Amino acid sequence: MSTTLLLIQTLNGLQLGVLLFLIAAGLTLVFGVMDFINLAHGVQYMLGAYFLAAFAAATGSFALGLVLALGAALLCGVVLERLVLRHLYGRDHLDQVLATFGIILFLNEAVRALWGSAPLHVDIPEAMSGAVRLMPGLLYPFYRLVLIGAGLGVALLLYVLVAHTRIGMRVRAGASDAAMVSALGVNVGRLFTLVFGFGAMLAGFAGALAAPILSVEPGMGDNILILAFVVVVIGGIGSVRGAFVAALLVGLVDTLGRSFSTSLMRLAMDSSAAAQAGPALASMLVYVLMALVLAVRPRGLFPARAG
Amino acid sequence: MSLASCAAPPVLQLQGLVKHYGRLRVSDDVWLDVAPGEIHALIGPNGAGKTTLIGQIAGEILSDSGRILLGGVDVTGERPHRRVHRGLARSFQITRLIGGFSALENVALCAQALDGSSFRFLAPVRRDAGLNATAIAALVETGLAERADIPAGRLSHGEKRQLELAMALVASPKLMVLDEPMAGLGKAETQAMIAVLRRLAGQAAILLVEHDMHAVFALADRISVLVEGRIIASGPPDAIRADTAVRAAYLGEEA
Amino acid sequence: MSASARHSLLPLLIGAGFVLVPLITGGDVYAVNLAIRIMCLAIAAIGLDLILGYGRLVSFGHAAFFGAGAYAVGILSTHGFTSAPLLIGAAILAGAALALPIGAVSLRTRGVYFIMITLAFGQMLFFTATSLSAYGGDDGLSLPARATFLGTDPFGSPLSFHYVVLALLALVYLGGRVLVASRFGRVLRAGGEDERRVIAAGFPITAYRLVAFVIAGGIAGLAGGLYAEFTEFVSPAYLSWQRSGEFIVMVVLGGTGSLHGAVLGAAGVVLLEEWLAEFTEHWRLIFGPLLVLAALAGRDGLARLLGRGKP
């Protein structure tokens, strides 16, 4: 395996990690602050991608499309929260699972009914097309670098927001003790709507960023949702910092595992067996990682809740 | 106390127990013995660390240092369910019952834990005559026999406290740790509970955590006073009543 | 009708219904096949109800064990094995054997962690199935032949398939009832209501839950094996997390903690899907909101109407 390939795959891993973080950040706060299991978070990611595709096509501008898509994603999150989810806080997790599962079925199908089952194509914006020479012999698509940069930028913003602002303090307090925050007279209902809408917007942002490089299709949020769950579990529920570390870890392990497992397996067995075992092993890696983390730290790497 | 009970090892020994939460020492070098057959009351103001100490004794909270001995056996690292098998039974400050089970079934569940393996998959447990008889006996002792078939969730508060007691008692424990059994009880119910506990005292030692001072002084053979995680005094009721440190720290009087 | 009458009468009515389907419809292949599909899924739903309904553990990886059973049958069939007891036995074993390590890790956790972890492990097995390139990978695997038993062909005709599956469903249902009412079942049920209390009573609750989890996995494996025989096809879609979600929906809509409810839930979901699909290909646009409404209204609403069972 060449150094160039390793570098490229590391960047690809970072890119997946950044997307995962954007999804997991909202998810982990919703879990932490509201003790709410939101399966419908993955469809927010999908909606972000579709909104971008639609608005970019309608306005002819990627930037404008992105702004409109973010607004629409936020609106969707708030409407969903007000209409359905807020009635399920404090209820049995099973009710939350049932309702959000129903929302997934509905939104996936709605997207299919509106845009059809075929993947949509979104162009990479002109200004960000082409590749950048990172070092001799290493060309990397500029857009993907922008994606990684944007993701890291949002992560930094989120860190400042959560760690250094009044609202962030309330969210953190809520993640460790919601009853206490409520007792202190904070309007928990509004806080929840805010956290939820913001989380939905972040997931939508991830979807919008991913739209030009991944296929935009119904159900695209389903599998990435589960990877985001893995991130949340590894990072520790309610911890944005944990989600960040775990997202990068999962992104790298998954991407590098997929590209190198077969060659690694070849060291131990003949190539046809390796060609079989490699992909199987690669697809299991992040879950094995999760199991290992749980075996050592059942509450994740950075547990937000004490006790 | 008779000579015989002095010769037997204490049913419970706490030796220098410590528990920190961050920088807060919730249990701070706690030493405590409960002798066989004794009612030993543990009192202290709110936040003194009584609930944490019970958690440590029951094994739900692992201690940072120190040792816990049940009947002379070191159980410091043992899991909660193992300690039950060594003769420890507890009740909860806020009643924890299986609301959908009848009173009888709640008690039978506890009896079942000590009656061989529960990895038995065939015989219907409701018709298990042995378990039911044991459970009924415990309900009779706590005065709840007539309510045996009522779902626990529908019992009155006082009856729930009685049921908690029956669930502890049915295990024929060497030591019962009772976390505020009088909490929320009316005057008459408290009197009834005191009578029941006094009758039970012969069967098992009791570590009684209680805020009702009337009940404590009526029942206890010895009293230990926990303040800010430390035992500041331990002795017979009269001595505790007279202890100036206790009066200052706990009863709120000027020394 | 009293609760106990409903509890014994309703299961009998359901059983009689399944017995009569081929007779009433004159052996109509569509109807009988629909009934077979319902019964296969109902078996899996009963397994899930043991842990979800009685143990109150929201396992979101049930389809993985269902799929494991299906793949056990599929893989053994491609290697020329046709003995029905062997194939079905292997299906049960596959489901149970996977449930053991997955349960052992997952049961260390609680609440939303448990949901996410079972979901993640289910997904891991899904991807494992897609990477089984020797056995069809993404595309799945067709069974070369159906299983035989002592020279007979139990799965050969829809009619005999129907009654074989019905017999197994009855067996699993009755076995489940016995289990729930046993000493073991009491500990499992009590743990579902108050875990701390059960530990304080002296039970290592995780061990009981793990056994229940493995039994549920074995039952799901059985169901998956039968389903593979039914469709003569196995694919990764059998292990998808959407299918796990469907199993949960079946158990919940039928009423958690009543095994015949799981059967009714399976029938309800399958029939509703079939019925809605007649109006529109986008039937999920109706089905999804129905689930949301059911959750908002209190998910036991339907169950209360049908008579919620007690062991």
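Order of writing sets the labels: A, B and C. Residues in every chain begin at 1.
Quick note on the criterion: a residue touches a chain if its C-beta (ideal position, glycine included) is under 8 Å from a C-beta of that chain, and two chains touch if they have at least 3 such contacts.
Since the structure is predicted, the reported quantities are computational estimates derived from the model, not experimental observations.
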Mind naming the chain pair that shares the most C-beta pairs in contact? A-C
Relative to chain A, the most remote chain by C-alpha centroid is chain B
The distance between the C-alpha centres of chain B and chain C, rounded to whole Å, is 43
Separation of chain A from chain B, taking each centre as the mean of its C-alpha atoms, in whole Å: 49
Distance-wise, how many Å sit between the C-alpha centres of chain A and chain C, to the nearest whole number? 31
Two or more partner chains touched - positions in chain C: none
So in the complex, which bits of chain C are touching chain A? 52, 58, 60, 105, 108-109, 111-113, 115-117, 119-121, 123-124, 127-128, 130-134, 241-242, 245, 248-249, 252, 256, 282-285, 287-292, 294-296, 298-299
So, in the complex, the side of chain C touching chain B is made of residues 178-179, 181-187, 189-190, 193-194, 196-205, 208, 211
Residues on chain A engaged by chain C in the complex (per definition of touch): 31, 35, 37, 39, 84, 87-88, 93-99, 101-110, 112-113, 222-223, 226, 229-230, 232-233, 237, 275-276, 279-280, 282-284, 287-288, 290-291, 294-295, 298-299
In the complex with chain C, residue positions of chain B that touch it: 58, 60, 79-81, 84-85, 90, 92, 96-101, 105, 108-110, 112-114, 118-126, 128, 167, 171
